[in-house]
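Each chain carries a letter (A, B, C, D and E) given by its place in the written order, and its residues are counted from 1.
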Amino acid sequence: MNSIFLLLNLLPILFLYQFGGALHVELNFTSSFTLSLIQTPLGTFFAYLSMISFLLVTIAQKSKKFSFSYYMLQLLLSLAMFMIVLAGDFITFFIGWEIMTWSSYFIISKSKNIDTKSLQKYILFSLASAFSLIAGMVIAYSFAHSFDFSVISSAFRDMPFNIQITLIVLFSLSFFTKAGVIGLHYWVVDTYSKAPDLFSSILSAVMSKMGIYGLFLIYGHIVGYQELKMMFGTILNGTNFGYTLAWIGVATSIIATFKAITQDEVKKLLAYSSIAQLGYIITVIGFGTAYGVAGAMYHTLIHTIIKLLLFINVAAIVAQTGKSKFSELGGLIYRTPVSFVMLLIGIIGLAGMPPLGGFASKFMMYNAAIDTKFALILIGMLFSGAASFLYCYKLVYGIYLGHPTSKNLETTKEVPISYLIPQIILALLLVLTGAFPGAFIKVINPVLVEFSLSTIPYSGLGVMNSAVGSFNGLFIISAFVVFFVLILLLITRIKSKAKNNLNRFDISYCGEVPAQDTSLHFGFGFGADLHKIKFANAILKRSSSSFYESLATQTKKTSELFSRMYYGNIHNTMLIILLFFSALFFIGVN
Amino acid sequence: MIFQIILLIMLAYVVGFIYFGLYRNITARIQSRYGPSVYQSFYDSIKLFSKKNTVNFGWMFYLGPVIMATGAILTLVLIPIFSDSDFLRSVTSQGNLFVLLYLMVLGPLGNALAVGTGGNPFGVMGVVRGLTRLIGLELPFYIAVVGLIIAANSSDIVHIIDLQKTTGLNIINHPLLFIGAMISMVGFFGESPFDIPGAPQEVYSGPRTEFSGKFLALLMSQGSLFAFAKLVLIVDLFLGGADSLEMLILKTFAIFVTIIFIGVVYGRYKVEQAVDFLMKLPTLIAVLGLARVVWFG
Amino acid sequence: MLEFFNDTQTIHFIIIVGSMSLFFIGFYGIATQKNLVKILVSFDIMESALFLFFIGLHYKVGLVAPILDKHLKTFTNMVDPVPQAMILTTIVIGLAVLALGLSFGIEYYKLTGRNDISKMNELRD
Amino acid sequence: MSLGYYFLLPVIFSFLTPYFKKIGLLRASSILLNLLLFLQTLVYTMMSLPQISLFSIKPPLGIAFILDGYSLLFLLIFTFSGLMVSLYMPWFFKANPRRDEARFYLFFNMLIAGSIGMILSCDIFNLYIFFEITGICSYTLSAYNKDKLGLESGIKYLIIGSIASIFIVFAIMLIYLQIGTVNLGLIAQRFHQIDPKISVLIVLMLFIGFGTKAELFPMNFWAPDIYQGSISPVNGLFSSVVAKAYLFVFFHLFYLFGLNSKYMLFVMVIGAITFLVSEFTALNQTNVKRLFAYSTLGQLGILFMAFSTNSIDTVSGALFHLTSHSISKLLIFLTLGILIHKLKSMKIDILGGFKSTFLTIVLVISFLSVLGIPPFSGFIGKILILKGFALSHNYAAVAFILLVSIVEAIYFFRIIAMMLDKSRAKVIVNVGVMNYAILAVLAALIVLFGIYPSLLLHYTDLAANALLHPTNYLTYALGVGL
Amino acid sequence: MESGFYGSSLDDSLKCKFEESGLENTHKIMEKAVNWFRSRSIFVVAYGTGCGAIEMPPTFTSRYDAERMGVIGVATPRQADLIILSGYLAYKTLRRVIRTYEQMQRPRYIMTLGSCPINGGMYWDSYNTIKKLDDYIPVDVAVTGCMPRPEAVIDGFVLLQKRIKNGEKAGWEKYDENFEFYKDNQKRVLGGHIDPSYETDWYNLKSGGKA
């Protein structure tokens, strides 16, 4: 079954490749609107991104038995995303969006550790997002008299200012919810952590990107960056709008980063990290400059790769050990070395360290911020990047390093090969994007042309150009490798008899001998210090959950209040009807 | 080019070790002691290299110090050492300030992996303290660097050096940024009051707890290389670079001595105190400097 | 004295007053009574009031009943027959509803021994 | 072929019901009858509209049935629902054996006849008669279970029905006193001549009368009780036929009498309040039937909002939504019948306590359709309604509908989560072949209208046109062209 | 336990090189140089038992400044060359001392302060202190006095440096050669409380599980 669906997942890619950029389908849906698929450079990028992700996840799924319905729903989900990114009008977009919502809902509901509350959270936020989208859609329709993107885009200029604002806010809210901007991220963490392990990778790597695609669509295509500039005016070298959006993004990434550090569940940490990374994208997406768009797109690519890699890795470990918490894992490095290396590459990318692709995208984003002189924004991004080292380290330490916290971790075997293949592919991609950051400029430039922005100069595969500087990824990665090998050779020449492979209890422990039950793994101790730091504590002790929970309580109370009216006394019902009549009569006659 | 790189590494090695010897001497004099030999760091490192055995907890433990050393050397070669000279210019032009900012963290992260592999909880505690401290520590430094980049409208260090010839030194143009960067530097050099990660009395010398023999020696060597690199970076950014070896040594030593003087007289902050402090005054100073650059520069 | 009543205005006035009082008697019954039978009776009173009102308002002095016999040779001098037909139908319907309601009430009384409609509240969540 | 058969055939059949000795024959012939009615409606879809059937004298004096685009859509829904329910009943009675099965068929067919009569009749007094026929049949059907709950619901329905009918009789009498006619065409022509104060009174009485029956907010406290007390197929009928028939009449008169400009906002607000209150109340329910009763009330609220907008697009969307809602609710209540029988409970837990992939799928489809999620038919209706509101720049209504829809989603998805929850104890439920077919057809229709809406949209457009511009209807009702 | 030969290091690896190329004299010079460096840099882990602990702070701080001779304190035994035991040793303490000593890297040295580690001192008849430390672990330098003043301690450092410089056979080599002897002695006083010998190696379970 897996192979069949693997082939089925290949089909959209072939389909897209076959059309080669000229896909245009229109279908009369009802008398008043048509369904249309149009291939734009932006859509093509996202289409390939999501389809290849699905392919890789399907490869990983070979290792476990999944039901037919699971595969079917996943295929449906991939087709829905295909529909979203190639949609030429809002109806198509929305249909794809909603199919995506419910098909993912049913996949999530197949998870073993899902509960009703998390499912409710997921679907309600998704629906809120969809309803916000639909509201924007119909309001736009009321002015443009069409759901077509291009028609709405040309009609946008003539709308009243408050309608323009409303539209931007509604669409942004919708896509922010999907991307999990702070405040609207209430569903993200629970859903990502409780979804089927391999499906979390799709949720984080692909589905959240649909929100990003939506933002691109709105800011770049429907509204247009030039129009945004005209509407809101400029500040420094960017737009006021971009500045506001950037603060939202920066706040998201900083808050989520701190929250990520204190998580005990592996997938919760990854979920928060996902929120933080998407925060970066949202930060630069509104700048309205070529480098902003390029940085956002590059980071979209990198984040997809990294989160697929990390979630597949974690899924494999969870499947192999049955543990999903840092406090229950640890010390797997010599049991599952390949997995360890893959995760290591993943976190080096996640932290944005130079030799890998993670740095290239961060570089692009930072330069975009410098280009617009949004210095504080840039500081915020750098700050959140610095804090993210902590959770990156926690991720790799909590699972692979340190001490195993239970007996069965000491006998774990390496994860199945089908988990490793996609990871290896993704790790290679990460290395390649780091070595050849320039190659991506060729992908970005058509999109920039589509958004009528200036293009980015291209000077070689290895070179990443930007407004205020450039670096050569190929040089850095090769220099790193050369120095690494040289130092390694040098150090191995010094043959002081290294006593290899000491027993894990043979550590300097103040003269004491740690026993089997001594707690040596520091996995869940991370982030305890953060509570003492005033700034971090201010972030950590606040939570949006109290707001949403009180909202739920209020809804429940309202519901109880209303249902008290329906208490079944027919006599009173009769009197109410008569009184209502009298009241209406009294009002009507006067 | 390869010759130049070897020359540079040797220079940095020697200068770095001598600086550390001087550091220990100066500290001793401040505490009214004689202090060790200026070359004490050499003795230590050669002794450690010639230790007859070394603990090793596995390959990741082995590679950690190597990654750290690689990071240090890569940082070193990507920083322009001399202004107005073609010395390694073809190499330094491949990177820029952002690359350096992140390369400076790559080494410690690689080492942190080794510490984790070692499985000593004290080591990991030290690493966590270090990373937590980094949250506050990098803030003023980042602000300073960003301020300079925006002022020069380039993240190319050579460009920033060249610009200082016409506009004057950045230490005079942007004193607030310089103060911010220097306070961060005190932490980057592991000096008081920001030396909590390796506090021997609390966490058993922290990340280095399990390292011994050649690994410790390698860590010490890269530390001196790295220290030199950081000094050169500060000189390049704020003091207009150096056009000759004498000027380089003079300027870097000036910076180094300043850092020592700050470090010697302070007690040790707890990690949360350090971060709280760094996020208040130094950040405020640096932000004021930055605002000056963005709005009035 | 009876001549006083032989006037369309007066008759209409009396009918309106009478039927409305009857209507409000029914209304009062609905509002205050909780016995199912009394409620049904109140409904019937209200309906009767309406019938009286409708039929009465269509009567004018001097017109004859719309029955074809020796008094009625043409269609000009008769009361409008439509209301009467309508009322007849409505009476039948009202009767049916009344019968149905009473039968429900009897069945319900047999089962529970109650006929207080405000206590019929087993249908609730 | 005459429109009169719509009324005559079921009525005659009903009267013949006691004479059927074999129950199987009764069931079969009931199915046949409903099939016949449905086929006749299908034939009407191919004919030019409006159609008129006279009874001896031509209007305005005589009685006539008029079928225009508006009533055609409802006719399709009613006859189709009737067919589905009559196909469902043999299983139901096999599962719940009854001695007085004939009684059900009697009132069931009569109910269909009454509802159809209400939408076809072109004079207000006949309308009232059909109204009462429908009413009496519904009282009886809701009291079909002669236990405490059934009788209670019957009594409640009857009392409320009596009040409503008093108001309507009063209104009709006032109209006749003012205008001297009961023909809808003539009333429509002369309605504006009435003294405004009297006209307000008439409108209010009609509003209270039909609004009570159509379950509008301050008059709908009885409705959930009725749903709870009656059997599931009857619930389906109430939700997809009876309530819709009253709604039909409400808006037929609303537009015919030209009340739209004056009372539009009022009806919209009442609809909105109904929607809001019902959806919030539904959150708190633990009885399945009450839950879906509230859901029906809520959807009726949306429909009232959308119908009163006086714009063809919105009304067409509302009609689409109405159709898809009828199908969905029929499906839901028929499924509930199966579940209640198998699990012997009416608690909401039964929805999490059964194990049947087919039932889960069809229920999920219908839930998603009610919520207006693509690619199911509810979406088309909802987007058309929202589009219509937006086009008239009534953004508050758009926001309101969407916000309350989230509340609606809470309980629907709570049920879905319950159904998908594997940790609950599950009873395997086998669906019979017939039920399988019925539910599959209903679900297929939901999907079909969702992905190929033009099929239905043709009729809703026709209906909306006929409703908002009743010139053709008036000509026929006045008997001008005959 | 840590049995076997731990002889190879920088000088040893060079020794092979030099011997291959017939440069044994050069190697001897190298060895001397390395010994000199070792003597110039001594990392001390100060194990403060008994009353002698009070003498260590003045030794290392301004007044006597041991750092000028390259003697500097470190926190962990992994980095240390020398362990200073500053007084009597109870059995319990001995256990920790042995463990700390075994965690130090070769070459490693032991220095004791006062008479208690030599012969029990005033605790000669105590039931729970050891009398002669050299029986359990090899002491390189024993500084006498009760307690020795910092000057004496520094004198001990000088002595140790001299011996390292001369390449004299040190305690750690004796310990490796007579490992069984020392272990037997340790077992005799510690009984069942001797530390585990870590025969099972967790990291290598795949390959048989033996260290």
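The rule is simple: contacts are C-beta pairs under 8 Å (C-beta built on N, C-alpha and C of every residue); 3 or more make two chains touch, one makes a residue touch a chain.
Bear in mind the structure is a predicted one, so any value in this text is a computation, not a measurement.
Counting steps between touching chains, the shortest path from chain B to chain D takes 2. Common neighbours of chain B and chain C, by the contact definition above: A. Listed by label, the chains touching chain C and chain E alike are A.
Counting C-beta pairs in contact across A-D and across C-D shows that the higher total falls to A-D. When each chain is reduced to the average of its Cα atoms, C sits farthest from chain B. For chain E, the chain with the farthest CA centroid is C. With centres computed from Cα atoms alone, the innermost chain of the structure is A. With centres taken as mean Cα positions, chain E sits 34 Å from chain B. Rounded to a whole number, the gap between the C-alpha centres of chain A and chain C is 71 angstrom. Centre-to-centre separation between chain D and chain E, using Cα means, comes to 96 Å. Once the centre of each chain is set as its mean CA position, chain A and chain E turn out to be 56 Å apart.
For chain C, the set of residues that touch two or more other chains comprises 30, 117, 120, 122-125.
Contact of a single residue of chain A with at least two other chains is seen at positions 334, 494, 496-497, 499, 501-502, 504, 506, 508, 510, 563, 566-568, 570, 572, 574, 578.
Residues of chain D found to touch two or more other chains are 155-156, 159, 163, 224-225, 284-285. Contact annotation for chain pairs lists A-B, A-C, A-D, A-E, B-E, C-D, with touch applied as defined. Residue ranges on chain C touching chain D, taken from their complex, read 30, 36, 39-40, 43, 46-47, 50, 53-54, 57, 80, 82-83, 86, 89-90, 93, 96-97, 100-101, 104-105, 107-108, 111-112, 117, 120, 122-125. Considering their complex, residues 563, 566-572, 574-575, 578 of chain A touch chain C. Those residues of chain E that touch chain B in the complex are listed here as 6-12, 34, 37-38, 40-41, 43, 61-62, 65, 67-70, 72, 74-76, 78-79, 81, 105-107, 203.
Residues of chain A touching chain E in their complex: 334, 404, 410-411, 493-497, 499, 501-506, 508, 510-513. Residue ranges of chain B in contact with chain A, taken from their complex: 49-58, 60, 62-63, 65-67, 69-70, 73-74, 77-78, 91, 94-99, 101-103, 105-106, 109, 112-113, 116-122, 124-125, 127-129, 131-132, 134-136, 138-139, 142-143, 146-147, 149-150, 153-156, 204, 209-210, 213-214, 218, 270-272, 275-276, 279, 287, 290, 293-294.
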